[in-house]
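Provided herewith is a single structure, encoded as structure tokens, for subsequent inquiry.
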Amino acid sequence: MRKTDPSPRPNRPAFLGDLFESLTERGRRLLGWREGSGPEAIPVPDLAELGQRLLSRRGEASGVVIARALLAAFEDADPAARLAFLTALAESFGPDAKAVKTALAAMQKAPESIEAVEALHAAAEPRRQELLRRLNLAPGGTAALVRMREELLRHLRSHPDLRRVDADFAHLFGSWFNRGFLGLRHIDWNTPASILEKIIRYEAVHAIRNWDDLRNRLQPTDRRCYGFFHPQLVDEPLIFVEVALTRAIPDNVGGLLDLARQPIRAEEADTAVFYSISNTQRGLTGVSFGNFLIKQVVEELKAERPNIKTFVTLSPVPGFAAWLAAQRKDNSSDLISADQRLAFAALDRPGWQTDPATAEALRAPLLAAAATYFLRARSAAKRVIDPVARFHLGNGARLERLNHLGDVSANGMAQSHGLMVNYLYDLGQIEANHEAFAERSHIAASDSVKAALPVGTS
Amino acid sequence: MRKTDPSPRPNRPAFLGDLFESLTERGRRLLGWREGSGPEAIPVPDLAELGQRLLSRRGEASGVVIARALLAAFEDADPAARLAFLTALAESFGPDAKAVKTALAAMQKAPESIEAVEALHAAAEPRRQELLRRLNLAPGGTAALVRMREELLRHLRSHPDLRRVDADFAHLFGSWFNRGFLGLRHIDWNTPASILEKIIRYEAVHAIRNWDDLRNRLQPTDRRCYGFFHPQLVDEPLIFVEVALTRAIPDNVGGLLDLARQPIRAEEADTAVFYSISNTQRGLTGVSFGNFLIKQVVEELKAERPNIKTFVTLSPVPGFAAWLAAQRKDNSSDLISADQRLAFAALDRPGWQTDPATAEALRAPLLAAAATYFLRARSAAKRVIDPVARFHLGNGARLERLNHLGDVSANGMAQSHGLMVNYLYDLGQIEANHEAFAERSHIAASDSVKAALPVGTS
Amino acid sequence: MRKTDPSPRPNRPAFLGDLFESLTERGRRLLGWREGSGPEAIPVPDLAELGQRLLSRRGEASGVVIARALLAAFEDADPAARLAFLTALAESFGPDAKAVKTALAAMQKAPESIEAVEALHAAAEPRRQELLRRLNLAPGGTAALVRMREELLRHLRSHPDLRRVDADFAHLFGSWFNRGFLGLRHIDWNTPASILEKIIRYEAVHAIRNWDDLRNRLQPTDRRCYGFFHPQLVDEPLIFVEVALTRAIPDNVGGLLDLARQPIRAEEADTAVFYSISNTQRGLTGVSFGNFLIKQVVEELKAERPNIKTFVTLSPVPGFAAWLAAQRKDNSSDLISADQRLAFAALDRPGWQTDPATAEALRAPLLAAAATYFLRARSAAKRVIDPVARFHLGNGARLERLNHLGDVSANGMAQSHGLMVNYLYDLGQIEANHEAFAERSHIAASDSVKAALPVGTS
Amino acid sequence: MRKTDPSPRPNRPAFLGDLFESLTERGRRLLGWREGSGPEAIPVPDLAELGQRLLSRRGEASGVVIARALLAAFEDADPAARLAFLTALAESFGPDAKAVKTALAAMQKAPESIEAVEALHAAAEPRRQELLRRLNLAPGGTAALVRMREELLRHLRSHPDLRRVDADFAHLFGSWFNRGFLGLRHIDWNTPASILEKIIRYEAVHAIRNWDDLRNRLQPTDRRCYGFFHPQLVDEPLIFVEVALTRAIPDNVGGLLDLARQPIRAEEADTAVFYSISNTQRGLTGVSFGNFLIKQVVEELKAERPNIKTFVTLSPVPGFAAWLAAQRKDNSSDLISADQRLAFAALDRPGWQTDPATAEALRAPLLAAAATYFLRARSAAKRVIDPVARFHLGNGARLERLNHLGDVSANGMAQSHGLMVNYLYDLGQIEANHEAFAERSHIAASDSVKAALPVGTS
């Protein structure tokens, strides 16, 4: 890069000036640069070299400028150059080998010294952690780093060496996106369209078809939506939850989403239903927000509407159909009974749910299987199989009710034969439930769920 | 404490309920709790035990609640209990010894393995880092931790073991208060009084006597004030700088602060003078903001007022008088000449600056000594002696002018015989200056400063 | 209503309490009442009686409460009751006859007395003006009064007596919606959805098909939208204008609205095009905002983007086709020539614009007719015929260019045979143009427009 | 002026350009003009001529510009020129004589015609009303007009002709500052200093000595302050009220204002005390805000703190001492008894209140006189004498308690021999009280006040 230039360059700004000119408009825009012209992309500088420059400089005279340049150049680079930079992060920005060696030698002299261990910790920190912190100096840096990790995650499977880079991203993001730095915001029909279009885009559980569907989830008196926002990602909810205020616990999602339903007044509700919770930033994978969000929303709603006493989810059961298919295939499985096996043959007839008799005949065996699925079945790693269940039970919620044909959409039938469940958030029980689940794998479940277990099992 | 309770406690919330009741009103208020009554302080729980509980809990079901309780209890505890907790952080929340041993063993088997080094890094992280991150989950947690470190710093000298705790605070604060997370805000006469009273309190360079003096620095058309704010410390500027817009570079501070002076319009100014820059949070010691603040304010002002071309400070020289006294005492010093020694006898007559003839007679020898002080004299550690000079030169500024009798206040006479200096911020030269200073200790100085050096020296 | 109640009512609040309970939920909600239950509409009180009560009360102890009740009851009433109230305004809330008589008598005694005239003015003020001012005390009162007038306007044609009520509304609204009380706001993709949906609904010139179409007019770098807002109607733009930043003056609207077009950067534009301006509140008919809006937007854009030098509209010509048809029918008209008549036969073939030869053959005769339409033709009242032209010429703009086939949409072809025009806003000429137009009916037009006049005319 | 200019002026903008250049910097600044240079004041144009121009122009092509120019020139003019303009408003901007004559003639033809009366009303409107509405078009126009009336009010006594101008100001301000356009805002320690300094300046009842005194009234948990703001006067509270939250109704003001007192928590209070209410804009004299402010604050506090049940004032009695002196002088007055006369001799000894025996001896006679003062005594116009009483009783409050030595400051002793009173705001009784007071001069008073009346009176 730029090496063909024979003339000496007296100082850095000239160099950076060149760099800026080499960026395309898109790169500039992504970093929020207003001015600028350069229409064509000319070769961007070697990104890894810029990274070394950012780290090696003593002090930080141009930290902001170099960070900005590197991030802009990264956004601007072609996929191969970007991957090359990520790979360089793995290979060339690890711990300082010499410093580690020195620290290890010191430790051998004083094996019991806490100071020595802590010196070793400092020496062994991968240099890319400091690089990421310095990149964050740039305006828009946090968002650019989240995008960078998003790209990194796409390469993880094919480039396992990048895992160590990912671990550093995860470590820093865990600190930067600490719940203490997040703000809870009410999302409603007065929210800027630029944020609302992201709600439409990111909704992961029950797709939002258009702006009318969105309004139907935000504007009525018996609907709420809340999200966590980070001060540096102002237009981007990190996670959001959609809530319906109802009388009694609902057993199916169709009624909740019906555009033609009649809203009730918030004062009339006794129950708040979390019917959809969606993470939005793939680049923040592994940083957990949902637990905090649900609990804070419970507290908000309690304060705003003392008439609301019950806080539940209406949740999908994404792993149920696959698990049940496996049990049916495995004749040796004793998790389903012979009677159940017989009954489940009806599941293979598409559209069975529209036939009332069949639907009713399948109710008991399916609910029994569902109870088994949650309370008995475990994965090879001895974990609860259903990912949504793991999330809510891990939060300290209780498995409250199994709802036959709670979601008869194509997706609902495919993933769980229409089954939906409610998890109950009772703040007074959450900690005990959580502890029992985390330490003893004990699953908090209501009597009605336990009673659904097949007879003879326990 | 609490251990004498023989009865079983079925779940945590009851325990935490007790804890909350044991806090005094002050502790509650500091954490932003609205409700509550408990008038008397009853024994708070063992803080270190709470810390272990916060860390040991798998998952985070009650993370926010415990963090909040621990911080409230800490604020509420007596000084001895607080010191005991800080000491426990040093002694009982270091790296996990067993994990370190395992990681070391792995490393010995594969001494070249990067994975092994990185595993060692992770194992050797002091557990208090995670503790601090979890404490930050509490509402108001960041501010409480800044206060906690403030207290820690007061004990450092007498309790050197706390240094390692301090290092962890510094590491985390460096990440959390990364410039990327700070917002620049204009502080003016429309700013809330709750923030302005902090400007009065924290101003460290030229004390603000009262609200009229403050208004005189904020409201006139030729005055500006900017600060960095962190989203979690909304009412607290972390650092602020006061700026005067002038025609030409000023050579004394009296005129700038004169309540009776006639403001000029911002359009008439050609120079912006940074005449005071103050850090406000002792708990953020070591996290550097000033460098970023000055540079961003330069950019803001350039954009707002293209007529402003020159950006300088009007700075005190806090180390000059002490250094000069040392040279005069040390007859072997060749940093001042015999002629200067003779002239400096006049400095010992209090009030010399009010006698025009004496003041004029001292001008040349003092400025020559000042040039020597900046350009020649070095500390035992080979560093520039003056702390303000180290800050601005380290930022890449240039020593632009020496001002005889620039500050004739009692403080100005005492610390520097009235000397003030201007440092020039030329964005095009900052990086080169900074690099030369950081790598070769080269000091950027104007020709006029160099020309002030005593004859015969070079 | 309520009259069947034989028991005396000791004080008003009880009465008002009854009233509130009689309102339906809708009435309550429109006035922003949160609480409340009353499901069924029971007979609302006599609205005119409430109006008398509001006026007759000396002082204003319950002004806010009665105003609120009356407005809620009006919103809640059935159409007949609402019309009855409006009619009562005309009949029973006119000037105080006795006071007028007294004032007239005084005048006859002192026919030259200014005091007497001014006393007469005061006496002759219709009492409904004070009624409207008192109704405005209620929370949400301004908006409710705007809606009330909207309803009034629908009855004007069939109930000419209401005109005098309308005149009082217009008088007060002219004062309350004085431009000095309006705020200009930039409407963009960060604007709340609740406002944006109104932009979609109210756009009167070029319909906005959906949210994507809307985004295409707000978000690109070369698009702007501004509106005037009143402090009491926070979610309601009173008027808004859509602006395109372009290179050169555009001659057709299709390109501007093309969803697939490539935006330019705002720095590259030299022209701002006002391509749509829409009033939103029918209830504010007769209060003029457009003039102020365009001029202020010109000033905003000049300050923001000095590269923009030309400010024009791209405007429809709604009256052209009808006028031309009338000329063609009227063989005695000398506003079109025999050659033009011949050429215009082609206009009767639907789709002519898609045939290049026909389209070209019609260019000159159509533009000549258009020049005549603007510069020569006048209505029976001697006014310029085209309402859009009257608006822009009345604002002081200049008729700059006639654009053949500038709008080939069905609507464009129907109303103006595809003709669009540009009006130029040159702030330096606006006042002179306006004066010449207002006082001498002189029409400012560019040389090119004048040159399009048929030969032999002058 | 300007008339000596012999050369023709082609268009208005040039004229206005000249005008702008003739304004001094102060005039420009007051109107919020940023740019500008003109150092010296050269003769401003004839203000009345500008007014005619603003009115005579058909349409409003340059309305904003001329309005701005006129207001700037007015602010800039010397006092004589300003008075000349105000006088011209009285003399040359009255009703259009010709139009009035025509309207009168029409009326004589149809004496019963409502249309004719209403046409007369329109014709008789002083032209200065429209002038004031057009002046309001200018940015900052509303504030400038308020200042203009403030000046007008200072001349009223010496220039009675200006009363008719004042009436038009009052009429328009009554409409523009309608309570429906005002916003209630909480004023606290987070309020901008630019507003707080006005609270200090405008407090009319109990002077605020400095910023510490101010903070003591805003920041403690048991203090509140609310003000009404108008959208066009953003930094200017129009009226504000200071509130103390207390346990029980206080009987003296010294305790409320004590800087050293111990605040209580808002949850502990059962009473809200309005201890100071101040109008700030002399230019808005006659526009009534206080009534609305108190009632809305009562509603706010009820909603925020249901524990607060009692809403009272702690009010001065400014007319009491003067009235009592008059009774004592007038030997024929039977409003005080012979015994009282004897006792009141002690009032003539300065400092009597510091002698406990004297203070106690005066209690009963003074309270009896106070009861008479409120309940019996009337002015020549048959009105309650005390202006503060008229305000609160007119609002519908009840005279609740007479407090002997409630204000022992010099001012309190001088105006009311230390007497303070509480007025009680009971929302359920307000309307009845108000009506009885307005229509029958009935004064609502508690039993304890009535019981204080001298024996034998009734």
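So that you can tell them apart, the chains are marked A, B, C and D in the order they are listed, and the count of residues begins at 1 in each.
In the analysis below, a contact is a pair of C-beta atoms (placed from the backbone, for glycine too) under 8 Å apart; a residue touches a chain by one contact, two chains touch by 3 or more.
These figures come from a predicted structure and were not determined experimentally.
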| item | value |
| --- | --- |
| Minimum number of chain-to-chain contact steps, subunit A to subunit D | 2 |
| Taking each chain's C-alpha mean as its centre, the one farthest from subunit A | D |
| Intercentroid distance (Cα basis), subunit D paired with subunit C, Å | 37 |
| Distance between chain centroids, defined by C-alpha means - subunit B, subunit D (Å) | 49 |
| Subunit B-subunit C separation of Cα centroids, rounded to whole Å | 58 |
| Residues of subunit A defined as touching subunit C within the complex | 25, 35, 189-194, 196-197, 210-211, 215, 235, 267 |
| Interface residues, subunit A side, partner subunit B - complex | 10-13, 57-62, 64-65, 94-95, 97, 100, 104, 107, 114-115, 117-118, 120-121, 124-126, 133, 136-139, 141-142, 164, 167, 172, 174-176, 178-181, 183, 231-232, 288, 291-292, 295, 394-396, 427-435, 438-439 |
